[in-house]
């Protein structure tokens, strides 16, 4: 695949590229069709920034919802609305993407307008003029600088903390589910996510489960609305 | 031309930077409305005349600049090396801010579907956007700067193609209103 | 108006000093005679219009200046720009330059996270800081002026409160080391 995934380009850009490649419009049907491609593509991407990956996964979850709805047309109206909003978001992003191409074209014409360069003499005149803020003292300078240093410090530590955050891979979760099913023929989804530390982990586990269903390795059943999801080996 | 217009012209010329209408009104000691009216007239007059000097209007400020068609000559003369090149993510973010500014960071993130912190920081450093904190909510709202408009060769951001439609596209408001808080 | 006049107008606008016709002819790459003719026309046109900007001709040189009848307003503007206490952002910028100067503009921008051009310009206008261009890199480095040091009652920046400790604090070095390269 020759799709370029720029570091900051984001999930919507990837999705639009996939849709354009298939020469489709933004619609529920095309999004359902593209879901597998999108997820397949994510797997090929090396991403060591969990936050960035999370952005891609949120979109993956939405695509899976759309695909699920295509397969199970009796989904709740609540989800209907969410899908519609997502389509709108994508269309809006596409509009701005088009606009950004026009802006790029304008910039490349080099029709820059220049301000006059700052020239003290031109403003103040030849005479030397010194106009200090009358109330400013050396002590005020010292305390302002100390405050500035304090403000700059915590931001640094916060950054270091983030890099220690644990990464979760879909592959990892797939393996975990597969391993659980070695010992027993079926297991509840709640057991799988019992040790999840955050929502992202639960989402990733759910994506892993959907992936296993797609690969026809497991089947799932749910006895009642919002009931436990039972996962069984095929 | 009346005195007020002439005074505004002199001020814009001497200051060599963007001046807010409020600031101008204070200096010339005239009511803001009159200054607004005179400024409007001035911008139009410069636009109408094929002149080597133009006036940009943006966010209640005015700046006098050289005409876009002479960019090459001026760039050579002042040895300016601006290329106008931007990475695609920067360009996307700038586009959204140009059409929809002042816009909150969260809304930019929602439109692009990614966290834009790093890009915003970089655009601020380059002086292409500026952030203003809204007092009530402590949220920062971003707008493009006059410097960015200078590079486009426009007198006003409203001259961007499709500005009216994209500026107030109601689907944007719908998406922003309905978007999940955690995206 | 033709292209040549417009180019001359733009050049005079961005140039702080008078330009000789010869110099202009070199920059716009046109024969001196044509430049002379266009210049004459330009001067006449400006004379005819009541404008806040004028073009004056001294022998073989041209200069764009503000209209003399607006001198009082300009004085008022300069007074406005150069009196009063400093805003918090200006004060921060000034202390960074006092404790860390001589310091490059880009580094000041990075420390504050925003483009500081306008603040630096105002501090220069008031005579509180000055910039020196480093020959090798063409980068401007800022320091506080002797006038400002004396105003604080000091002989040298090193006499600022806690200078040794604050000057050497590595927080800023870490911010600068971690700064993203320009996108």
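Order of writing sets the labels: A, B and C. Residues in every chain begin at 1.
The working rule: contacts are C-beta pairs under 8 Å (C-beta built on N, C-alpha and C of every residue); 3 or more make two chains touch, one makes a residue touch a chain.
Just so it is clear, the structure is predicted and the values come from calculations on it, not from any experiment.
**Student:** When I count C-beta pairs in contact, which pair ends up with more: A-B or A-C?
**Tutor:** A-B
**Student:** From the centre of subunit C, which other chain's Cα mean sits the farthest off?
**Tutor:** Centre of mass proxy via C-alpha means gives A as farthest from subunit C.
**Student:** Averaged over CA atoms, how far is the centre of subunit B from the centre of subunit C? Could you give it in whole Å?
**Tutor:** Roughly 21 Å, centre to centre.
**Student:** Averaging over Cα atoms per chain, report the distance between subunit A and subunit B in Å.
**Tutor:** From the centre of subunit A to the centre of subunit B is 29 Å.
**Student:** Starting from the mean Cα coordinates of subunit A and subunit C, work out the distance between those two points in Å.
**Tutor:** Between these chains, centre-to-centre, one finds 42 Å.
**Student:** Pull out every residue in subunit A that's touching 2 or more other chains.
**Tutor:** 114-119, 122-123
**Student:** Residues touching two or more other chains, restricted to subunit B: which are they?
**Tutor:** Correct list: 13-15, 17, 64, 66-67, 69, 74, 78, 86-87, 89, 118-119.
**Student:** Sort out for me which residues of subunit B touch subunit C in the complex.
**Tutor:** 1, 5-15, 17, 23, 26-28, 49-53, 64, 66-67, 69-70, 73-74, 76-78, 86-87, 89-90, 118-119, 121-122, 124-127, 130-131
**Student:** Subunit A touches which residues of subunit C in the complex?
**Tutor:** Touching subunit A from subunit C are residues 10, 13-14, 16, 78, 82-86, 91-92, 94-96, 98-99, 111, 121, 124-128, 145, 147-148, 151-154, 159-162, 166, 169, 171-172, 174-175, 178.
**Student:** Touching residues of subunit A toward subunit C in the complex: what are they?
**Tutor:** For this pair, the touching residues of subunit A are 114-124, 128-142, 144-146, 148-149, 152-153, 156, 159.
**Student:** Which bits of subunit A are touching subunit B when the two form their complex?
**Tutor:** Of all residues in subunit A, those touching subunit B are 6-13, 51-52, 55, 58-59, 81, 85, 88-89, 91-93, 95-97, 99-100, 102-104, 106-119, 122-123, 199.
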